[in-house]
Amino acid sequence: MKSLLLILVPLVAAALAALWPWSRTRPWLLPAVGLIHTLLSFWLFCDPPAVAPGAWFAFDPLARAVLPVVSLLFLVCAWYGVSYLRIRSERPNRVFIAALLAVLGLLSAGHQARHLGLLWIFTEAVTLAAVPLLHFNGTPRAFEATWKYLLVGGTGIALSLLGSLCLGYASLHGGGDGNLTFVALIAQGAGLSRPWVLIAWVLLLVGYGTKMGLAPMHTWKPEAYGEAAGIVGAILAGGVTSVAFTAILRVRAVVAAAGEGATADHTLLAIGLFSMLVAALFLLGTRDFKRMLAYSSVEHMGILTLGASLGRAGVAAALFHVWTNGLTKGTLFLSAGNIRRAAGSASMDDVRGMNVITPRSAAIFVTGMFAVTACPPFGPFFSELKVLRAALETGHAAAAVMFLGCLLLAFFGLTRVVFGIVDGRPRPAAKVGGRRFSETAGVLLPPLVLLGLSLWLGLFLPRVLSDAWLAAVAQLYPTP
Amino acid sequence: MKSLLDLILRLDCWLLLAPLLPGIINKVKAWVAGRRGPPVLQLYYDLARLWKKSVVMSTLASPAFVILPAVTWVALLGAAMLLPLGPLGAGLSFRGDALLMLYLLALGRFATAWAAMETGSAFEGMGTVREVSYAVLAEAAMIAAVLSLSVQSGSLSLATMLTPSLGASAVLLAAGLFIVLLAENCRVPFDDPNTHLELTMIHEAMVLDHSGPPLAAILHGASMKLLLFAVLLVQAVLPMQHLQPLAAAGLLAGGVLGVTVAVGLVESLLARFAFRRVPLLLTAAFLLCLFALLVAWKGGVP
Amino acid sequence: MINSNLNLLIGLAMGLNLLALGTSRLPALIRAMSAQGVILGVMPILMGHELDWQVVLVALATVAGKGLLIPSLLRRAMRTAQIDRELDPQIGFVASMLLGAGGTIAALALTHQLPLLPEHSGSLLVPGALATVLTGFILLIGRTKAISQVCGYLILENGIYLFGLLLIKAMPLLVEAGVLLDLTVGVFIIGIIVDRIQRAFDSLDTRKLTTLHE
Amino acid sequence: MTGLLLLPAVILLVMAVVVGARWPRLWLGFTLAGAGAALGAALTVFPSGGGWEWQSKFLLGGETVHLRLDGVSAVFMALAAVVGGAGAVYARGYWPDHGHPATAPRGRVWWSALVLSMLLVLTVSNGLHFLMAWEAFAISGYFLLTLDPRKPAVRAAGWLYLATSHAGTVCLFAFFTLLAARTGGWDLGPLRADASCAPLFWLALAGFGMKAGFFPLHIWLPSAHANAPSHVSAIMSGVAIKMGVYGIVRFSGWLPVPPAAGWVVIGLGALSALLGIAFALAQNDFKRLLAYCSVENIGIILIGLGAALLGREHGDAGWGRLALAGALLHVWNHGAFKTLLFFGAGSVLHATGTREMSRLGGLWRRMPWTAGLFALGSVAVAGLPPLNGFVSELLIYLGLFDAVAGRQASAWAAMPAVIVLAMSGALALAAFAKAGAIIFLGAARTKPAAAAHECDGWMRGPMLALAGICLVLGLAPVLLWPALASAAAAWHPAWAGAMSPEPLATLGWVNLGLAATLAAAGSWLWRKVRANNLRRAPTWDCGYGVPSAKMQYTSGSFAGLAAGWFGWVLRPVRTLRRVRGHFPAHALRLERVPETVLERVVFPAGGYVMEVSTAVRRLQHGRLSAYILYVVAGLAALGVLVFMESLP
């Protein structure tokens, strides 16, 4: 029941927001819903409900291992959103808020879906609900970004539907009774028809990989993140991608049950490393610090995929990385949003000396940059080291070398851009650009809190969390 | 009491006998040129006169300018005291005193160089540059020589090191050390101590501005350095440890005299090299010492 | 007998693919697309097995959506943009047709490699689906006008729907929910976007949409 | 006892970090007290030799906190404490609030953070915690280095430092993770038995070597040390690069090493020693000269360490122990005199505002203290008796000579090393004769040089203290014997037990006697000169009428001869305009010595990578149809991959 509330509360609130007449008070719906949602998800986290094997919806171990961080991220972003929307009071926020809440609800649904079809439907729904968020700014650039997001994402979604159909046909061919819950599919196991399973795997990997933003399907990411508001970027990068990732994990379990686990792992390894490499190469050259965040997100999706290909330890590390990466990326997107707003541009070529104009946001941005490039003692360091260790312990030495090399290149790129905009003499243009941006607590504390959470995850990772991840791994690897 | 006497005797050897060598060299050169030449004791007179003279000091120089010659002098004397004197043996002997000797020579070089740069004169700068640069190669040759000595003696203190075995390595070593001697003491063909074309000078150019007692210290130090190298060379190649003390002393004295005369002959028969060929000669010295080392290594454990 | 009727329709749809690939006039493209939609719509009813309400629902929705609603939306967008031709495409019309034909043959060949259920063995469903999907991709990649790309996307959807017909008996939810949601909402929003792009860039040429790049 | 001193040290430094931005005096007090406590903690370790260890149940990053301080780490901690304290005092005069209102507070905070993180690096005994402390150390170093990030040169140097340092850290990621994968846990400690860990040594060598900055991994070092504020250059050169040495020493002691390790290390050491000092000699920027001299000294240390490894390889030969002692002692000595020299350089920079030697000259008149102290530092760094530089070099020499006398295979490593050591010593003499002479002697070449001013007490005090350390270490090196013995024992237990400090004791007496004689003779001569009256006159320039400051030897002309012999690696870039006509109007001769490794190797390689990156980035051209094509391409590629996989 509570698990359904996780879905219904935000959706109802979205409807409410759509009807709410006072645009000045409407933003407060965000933190309110975020708070309820967080409380609910942590309540569920602390005493997980029993999962009926045939259930289409459930707060199962995998959802338990990922959903809390999504709602946590949403809560903090919502808090930021209040002050952000106050700054952007010139834009109508009705659709924006409604869409944001709808995204939250659909995300919770997608994370809890244990049925191939439902999972696809909700992923699709999230994609569509995110569209208004992207053209909130209403500029031509925003429309272009939205158009690309929609068409590339739509293609991916279509492919994942085709994949789902193929998987369904595989089950039908294997004498399945049309029950498409993952449990049933895994139970069918070797009964599934291999060729169809493999076709389905490729299609689903590409489809959901497009949603995750794995190279070479990542092309929508820089455009979308580069034009979206910081808060939207944070939620897309931290929340929406995680749905696609868990979807891939669930499908992989089915493929492994069908006896093609090795193939699946090889494809995951290949595409993960490829994404890291491509992202690193882009990072070396990009001159726009919001697009930089998008590429960094591509890189971390690659890390997740790499981890997912490395067996139990790797998947556990990947789930850990979902948390650390989500929170740290949130920090970066929010503080980058502040800097973008104060500087009036996102390009290295006209932004400089931000540690003079917005000293606090710049400090948070730099710290977050170090955190996301796996500098201890922040969370990503530990999760990436776990991935590395999993790679070395499973004997993927070459993959480990490439992983480290890509991390290094990415570090070069990130430091180049970040210190390029933070240091140096501030351009006078930045000062006169629009009305002066003031660093209020409302725009500083949320990224700071996320950074603190990332630090806390690194230094004092509570036992219960790692146990939750292990439980999820146990769900994904039913046979020991 | 015995040691005190020994010390005094040793000091006398070094302090009093050293200035003889330049005199002898000059005599030899004069003799070859068919002149009478200055008396052998000329340097003693010069030293005594300089010691009484007043000092003229460059307006640019700091007080260190007159103190540093003393440093050089002490460093050279210290190096000399480490060197065993035939029957007398070494005054102070410990593992690694050979290296201390090399580094004391370096200390003397540093002091001289610093004092020379004090004046800001272009000529002294030139001399300094040449001195410190050629020292790099000379140092390499010296260390190779020390290495070969320690290899063939299996020891690292001069007293026991200088027990050469007659043979190929001794010849090579002698040649190498003789070249180093010429270079380190700024003799022809590296340098010409008594020309007055400053452009041809290394050591002389460095001391152009000195006068009075400091100059005396420098000249005396230079003669000590010459004696030091001569003694080292002789003991490095002539086996004398199982001779009677007096015979050994005689052999040593004769050897030193021979080296001195050789220097004189070289000076009067050879012309000074062009500076670009100096490194080649020093490299040759280095290679000679290196071959000596390899020969000694082949020679096996003594 | 039934299979042959079905195959006839599928063959027709595949023919429409080639037409869509070959034409340079947007109205023709839209017409081909909508005709294909109608054909796909009636297919489930012809598939023989007894008509339960779900199948009928799917059929009606498809006909309404793909046959009427979307084409009218697109025509409106076309009128507002005052364009009715696809000029200098990325992939020429002849080339596209050849590609589509080649793809169709490849799809037929591939289908022989795949294990099919006995009742589908003789039908053209799978190759038709693959060919249509391919056509959709060719249009998406090869055309530059937003409207033609939308048509391409919809033909892609048609292909997927065609494949879904394999499963409509066993797992109808997957098919209908997927297709309906996808079509209605997706196209609705694409319509809006087309409209907005039209206003923002006063053109529907997606080649103008390249301000965002590295 | 050790713990009782270590805890307050950490607490005090943390408090210094906290108060640093606001209250300078309080910060100074805390930092000094913390450094003192750390020094005390280090000193308590030596006599016992046993070392100190503390394990708690407290989890940090999922690992129990495990601290340990043994002979090896104590040697480095003592150095860090001394330099950290001295630099804190120096900074008060060199980088004061009124001079740098914006950056001085930040500088204080990062300074304490740097010292603190170095203490942690030296004490933590767990892979994860080591990496944490290591990265904190590297990053605080970066922020200290770029205290003045408005200067493009500083930014470039800072980025190079950060990038190379992270490259090293990535190697360490691999090193510690592999170690954890092999041993099953992150806890560090002696694993001398487990031969499977031997190959990891190469990773450690690369990772820590990046920080230690031996040739050819030194690329970041010259620009960083030259552009940083001088007290930062001092601690970076005196201590920070030693952390890299610490890593190599520590893990070559704890883990088994491959047989080739000793040869490689001694070879790298010889290379760095010779080329480092050759580059130093050719520099015109005196801070770059000092930086390259650090490369040389790291090389000397590595020669000692390599000999120690060889000695351990050949059945615990005693000479290995001598060489190790020499290497560790040289860590200390270099820390002392290099810090002194950088402080001196700092006060010159502070007084004249230029780092170009050829614009200086005759500074001794305006700043006699700095000149004297710099001269003393030069004597020490050139390894001349009676100062400390000679002591450690002698120990290394003794080790190498004994290796030669041993007539084992290792002799073939030792003999070239000896020769290289001697040559680099002579080159160091030339380099520092040049530096001291061109900066402080002769006549002032420019106005700022003529208008220089002596540094204030805050800067002079630490310099005097360090000079004192150099003197004490030179005259009474035997004081350090227990430290070296316990360090050697901690590095290789078989080398525990009594070993006679005989070389150091004798050398101490000799140095003492030498110093006394020098003082006596000097003062005697001085008095004698005063007695027969001293007269001042212009420099006699061989009859030339008007000697001018322009006629003096410059740094370029000084280095010309010896640097010419190394032209094959220095590759100097000359711009020459010859003298023309009877009354030449203008002649010019500029000479720049490039960063050979950086400009001939690293930059081209980076250029290739950037070309690839540009080519890839062109694919993100914004055309939607191409993006969909990429999706299809990805689909096809994965399909092919899966098809290949599924083939039997």
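Order of writing sets the labels: A, B, C and D. Residues in every chain begin at 1.
In the analysis below, contacts are C-beta pairs under 8 Å (C-beta built on N, C-alpha and C of every residue); 3 or more make two chains touch, one makes a residue touch a chain.
Remember, predicted model here, so these are calculated numbers, not experimental data.
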Q | Of C-D and A-C, pair with higher C-beta contact tally | A | A-C
Q: Please list the single chain whose C-alpha centre lies closest to the global protein C-alpha centre.
A: D
Q) If you average the Cα atoms per chain, which one ends up farthest from chain C? A) B
Q) How far is the middle of chain B from the middle of chain C, if each middle is the mean of its Cα atoms, in Å? A) 100
(Q) Report the inter-centroid distance (CA atoms only) between chain A and chain C in whole Å. (A) 31
Q) In whole angstrom, how far does the Cα centroid of chain C sit from the Cα centroid of chain D? A) 69
Q) In angstrom, rounded to a whole number, how far apart do the mean CA points of chain A and chain D lie? A) 44
Q) Can you list the residues of chain A that touch 2 or more other chains? A) 147-148, 151, 155, 195, 199, 222-223, 282, 285-286
(Q) Residues touching two or more other chains, restricted to chain D: which are they? (A) 617, 620, 622, 624, 628
**Q.** Every chain pair meeting the contact rule
**A.** A-C, A-D, B-D, C-D
**Q.** chain B-touching residues of chain D, taken from the complex the two chains share
**A.** 361-362, 364-365, 368, 371, 375, 378-379, 382-385, 390, 394, 397-398, 401-402, 404-405, 407, 411, 415, 418-419, 421-423, 425-427, 429-430, 433-434, 436-438, 441-443, 502-503, 506-507, 510, 514, 517-518, 521-522, 524-526, 528-529, 532-542, 547, 549, 551-553, 557-558, 560-562, 565
Q | Residues on chain D engaged by chain A in the complex (per definition of touch) | A | 59-62, 128, 131-132, 135-136, 139, 146, 149-150, 152, 155, 158-159, 162-163, 166-167, 170, 173-174, 177-178, 180-181, 609-610, 612-614, 616-617, 620, 622, 624, 627-628, 630-631, 633-635, 638-639, 641-642, 645-646
(Q) Touching residues of chain D toward chain C in the complex: what are they? (A) 617-618, 620-626, 628-629, 632
Q: Give every residue of chain A touching chain C within the complex, in rising order.
A: 116-117, 120-121, 124-125, 128, 131, 135, 140-141, 143-148, 150-151, 154-155, 157-158, 161-162, 164-166, 168-169, 172-173, 176-178, 180, 193, 195-196, 199, 222-223, 226-227, 282, 285-286, 291
Q. Taking the complex as given, what residues does chain B use to touch chain D?
A. 52-64, 66-67, 69-71, 73-75, 78, 92, 94-96, 99-100, 102-104, 106-107, 109-110, 113-114, 117-123, 125-126, 128-130, 132-133, 135-136, 138-140, 142-144, 147, 150-151, 154-156, 198, 208-209, 212-214, 217, 279, 293, 297, 301
